[in-house]
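Some structures to go through are shown next.
Okay, so chain A shows up in both of these, paired with chain B first and chain C after.
Entry: the complex of A and B
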């Protein structure tokens, strides 16, 4: 397949991801009782576009499933299937399978097993939702039912129509549904257009699709295709034209505009334009009011199920019912939402990074200029204004990389549904602060830790419904997922209202696993922290959920690798809160600028415990190559960084140096001997790998305010106990 | 790294290094900068002089003479850094002096004989060019031999592996 095809297909999958997110958001809102027409329509639109693309790219399994899913959604949208809690629940399950289908199509792997779900969907369709397990009481208030009916343009027949289109390759016509965003003019009935191109029109290249597209641009859409003229295969003349399209156009559209659509259609084609009533050609006056009043308030609901298979043959007066109901005000939010959605563009992340680099350089050049000019000169050339502008540009560019954390949260609802199904525990999710913006790099990296935290909360925190009721709690557990920004940090919390950490058991387990000594005296907080210790797991049975070899220790190490930390707070019987404290961006590091042999290096501030100017005798050699520092009765290993990096420098006396005590993951507290501390600042991390290769002991480089480069120290590599393996490691890194 | 046109003609940048004239393909060149002491890197081979800031990108600066096995060039007033793109990565090369940009024909390139450096493959070929700079010094019209460097073959990364 060509690159171009792959490229377009990649865009399709990106859109699928967006569509899935929109569908899930809509379905979640529906589950929460918001069954407004816009919400339902948003779900429908999302699934519909996925279907459209899947057909175009030949993902048959995805197409088949999304098509059935869409049919049911269409019925819900039309109000013929009430959006009861039971139906919405099935829709959510169908959504999960749809996401699996998308993933399978993208990875070209085996499509998920969807037979059971398809059967369920068919059943819902056949019984108008009565088959969905939960109580049939509609979530929506009664008044909104008629609103659902109002289905902006009286789309009803469409879903059945699509089946008819497909065999003839008229797929694009169905896509017209996407464009149903123009609200109908309340004062006019819609235009009914019948369009049947003549044989001559088609022979002259009068592509009906082009005309239909033109009408769609005006806000119209195809209601049905009259294929009654279509002869049997034997008599079929491939060059003849048999179809007549019934098209609905909002009443607000000017007649002249509508006529223009047919300017280039051969004169002998069938073109009938009418208002409201299909059977009355060229009747331009609005329908008599009595006709509208006379129509039943709740259109034909009882007859719905029976009607489904014969929808294409729906009598005109029934269509009229829908048409009439359009006269009720329709919220216009759907349209503006769509307009907003189109205001975004896709940009390759590397282009943003390049821009960020250049802007960073601009700021640096600005400050170099400021250094070289005296204050009056700076004023004369308006440097302060330039500097301000530069900063603003820098902030704007940084904000381009920021994305709402919603993206990282989007997987959670589904995960919870699966967890509920697996464990039998009931969990209601609450989300707060999902609009909090975080650098894209952070969003990409927190998915896994978040997954583990939530699994842990459901598996270990939240109790079984009976147990909860026995404790006087609601049967349904609550899980709060929240995000907030505090200064340059982002706090992501997972709070459950479960049983809390069982400290007795944790302690016993830790002793059993040899993590702590049997006589260790630990505070409650320290015991809570033990669940993050490597190799710790208290689950008595290894469940499918938390026993996958991924424990809280993985969460901790993942989060720490991102320059953050995990805090645990637990109240027995009341629940547990896990907090991930993360930097706003992974590209920025809070660092301490130190000097070694007159060269500047940056040490991650997060790991710095304290800095000491050693007294004479405080640093002592324990072997020719090893030294320790005595700190409040403890002896910590000391590393001379100038030696580690083999920098040219006279070995200095410890008293003339500074020892920075750092806390490392692998070696605990270690003292690093440096010449001086220069500064403390936020630095932008640049990788050395990008143009060179990793160097042991260095985590990257950064550009300081004067444009010069300082190297960032990689603490873990510096404190790694053995130096004899360094050569080996270097090879491993460079490979 | 070659950018041959239909006629097989392309441009090369020539520069002097250890009294020899070298050339690299013009299409690989990003920019020519003045020599500026880079930030030294610990634990790297001596021909990597350090890293420098190229508009927000951290790029390695390579002592080309040392890399080719000659005496290290001593930076002087006319020393330059040729910043080039090599397989998507960027690197700066310390050279003694940038000479010229000259068009050559692919057909004029002769394959390199065994030269007294370890890896002969870094020389992509030899080509004669009429050298203006040389002309001023010697007053002769005859061409100069240019050693065309294959920057890909110089690959800093691959050499690092060997060094480690």
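Entry: the complex of A and C
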């Protein structure tokens, strides 16, 4: 069960994330002036759900905070607290703390300090007239009641009636009297219970008989039934209740336990519980009200049950047309609730991955068939149709994993508020294209780089209000966050209208850090790129959000790990745009199949610039281990991949080879020398790391149409400066 | 015979928690994720007991109870509200729409089981 519990709890935290996003969206809308009931209700519901689950999973601090937060939201929802800008601002702050609480609960770390916020919430609550500290205790209900006059229904055993109750398994009355004769010791005197369910107690599916059975389970027994109120058959309303039971319960039974039996009995029923002297059939303690009955941790509360035994003889669907049955809802003209079934289901991601994998296999098998069959044969077995279907299935599965990028954007507003508070800068956020869909794995991984890009924009881009005004800009800076799909790539942009990159400073710092030579000649763009250079900033890890030096190089390496790249474009005085260019998916790659020493490899097509059959002399050795190719007046480094992987091959003359010019993130344009180009195709990426150690220079493997395996090249690792010195023996690895 | 209970809650974790803890106590559990879905499932599974949340999208718990009670077949079906709310006016509203009982979340599994037996013969 504990595994199951953990699993359910994991889902609860997923819901929390969704709830927080919804709450934040709602609060942001409220901050922008949308205080419609729907918006307020959406925030309320989100916080309410978090509260509900936090209790169920025992996160006390989260429960306490969300409870108080919810109270305020409830008052706002009810219109007792106006959603003024001031109040909404506090709600946003409360939301921030709620997020921290959720994180703390999930990570089982110390809950955030929330005392000041709680005090603030109480202060706001106080303005509504609601009790500021109203904790989870139910308010004592006003309705407790013996409507039946006690005197009138004296303790009168009515033996005659009992037979009628036999069918319900009641004990015959007589037995009871012995017990009642017991000495009225205060501690051990038996409880005397009088129970007269009201009409309402029967109306809502209540069953007084069950109450009596439960008391019997506690050791109680029916002493007598007072049926004097029972009318003649003609007047009898089968849905009303006419009896009062007198029940004796051993004195050893706990009062609270006894009260619980009446948890669900309508409050207007007669319930009297007293101890002791049976000769004074007393109403000393009128009846347990719901508040008394309700246990603090599980306040179950009476609603209306109770029922008359007669009902058993008369099935409820034999509806009596009876004016008195107002307690039961009149069937309404059935609303056209063509109840929309839920439009979503929750599926474990690993199942989708498995499906994707299988579809990948299917596509591969399809290509194998296509390779083996001649075109007429393909037509005969309808292979083209099958291939098209495969493609559609593949697209559908990919779309299953696609999620709106909104999820990654959702934490930005909060971060900006924090940054604003911290830096004193004013920033307005604009978001575009948040519905753009991206593979879930990409969404998960861009959160941190995004955080750093935004932090960087506020820290270094946007100026202080005075400075902005002095430059003739609005005091409030603008930050545009946008996403769009371009072909198989997703572009995520963070654009600020701040001061732009200070190239002199960047250059000076780069020289100071030894990243560039003091006399290096760099274009503006190259200088801009320096802020992403390894070692440029002081932060060493991407999670170092609180540090001042934001690790833009770490941003870049994270994005590159996703197969993407970062572009920077800056206009001094006008602002800077950071663009993350990411693959739509991490599972399928458009590749160029090349041959090296008779083995096949796949190069990511997106990186390929051109391919060249070198003229004799076009490739020149500049040192025993380095070669360059002259291309339209520029010299590019050339790498022989057969050497990199130490493949068995005679060094071939460059003019018998092909040089594929690729664009790398780290080394610019580089020529890779291969034997031939075989094909260009989409390949399904299979991870090698499940079975093998990471191998430098390889990003994975794939299965080609003929069923053979081809290794996928990891360009960045291939062209990295250190790579020329490390040889990697791949003999026999690739077929 | 094992009792068939329909639980309606928009939170998946809450549905799973209910299912796990009540199945362990010998009940058979069916679930729905909002009021509208719950009403549909009522007709499909015809449970011995309905347990519903109050705050849900589409159709909330009050509307669900009202709609269920409007069906003659379900007039006598016990309905328990399981909610984090506890205000008297909410409870009164639940009563007037036809709820049998009200249990405040978070629930203790054993006590919930006992409460169910209190309304479900």
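Criterion: the second predicted complex is superposed on the first by the 386 of 735 C-alpha atoms of A that agree within 3 Å, B and C clash if a C-alpha of one lies under 4 Å from a C-alpha of the other, contacts with A are read in each partner's own complex, and residues count from 1 in each chain.
What we mean here is this: a residue touches a chain if its C-beta (ideal position, glycine included) is under 8 Å from a C-beta of that chain, and two chains touch if they have at least 3 such contacts.
Bear in mind the structure is a predicted one, so any value in this text is a computation, not a measurement.
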Chain B versus chain C as contact partner of A:203, first or second or both or neither: second
Which superposed partner A:246 touches (first chain B, second chain C, both, neither): neither
Partner chain in contact with A:696 - chain B first, chain C second, else both or neither: first
First (chain B), second (chain C), both or neither touched by A:686: first
Broader residue contact with chain A after superposition on the shared chain, chain B or chain C: C
Touched partner set for A:577, first chain B, second chain C, both or neither: neither
Which superposed partner A:708 touches (first chain B, second chain C, both, neither): first
Which of chain B and chain C A:8 touches, first, second, both or neither: second
Touched partner set for A:35, first chain B, second chain C, both or neither: neither
Contacts on chain A seen with chain B and repeated with chain C across the two complexes: none
Contacting residues of chain C [partner chain A, same complex]: 10-14, 16-17, 20, 24, 33-34, 36-40, 53, 55-59, 66-67, 69-73, 75-81, 83-88, 91, 94-95, 97-108, 111-112, 114-115, 117-121
Chain A residues touching chain C - in the complex, by the definition given at the top: 1, 4-5, 7-9, 11-12, 15, 44-45, 48-49, 51-53, 55-58, 63, 70, 136-139, 141, 200, 203-207, 209-211, 214, 260-261, 263-264, 266, 290, 294-295, 297-305, 311, 316-317, 319, 328-332, 334-335, 337, 339-342, 346
Contact set on chain A toward chain B in their complex: 356-358, 360-361, 599, 644-647, 686-688, 690-693, 695-698, 700-701, 703, 707-711, 727, 730-731, 734-735
List of chain B residues in touch with chain A within their complex: 38-44, 48, 51-53, 55-60, 89-91, 156-157, 160-161, 164
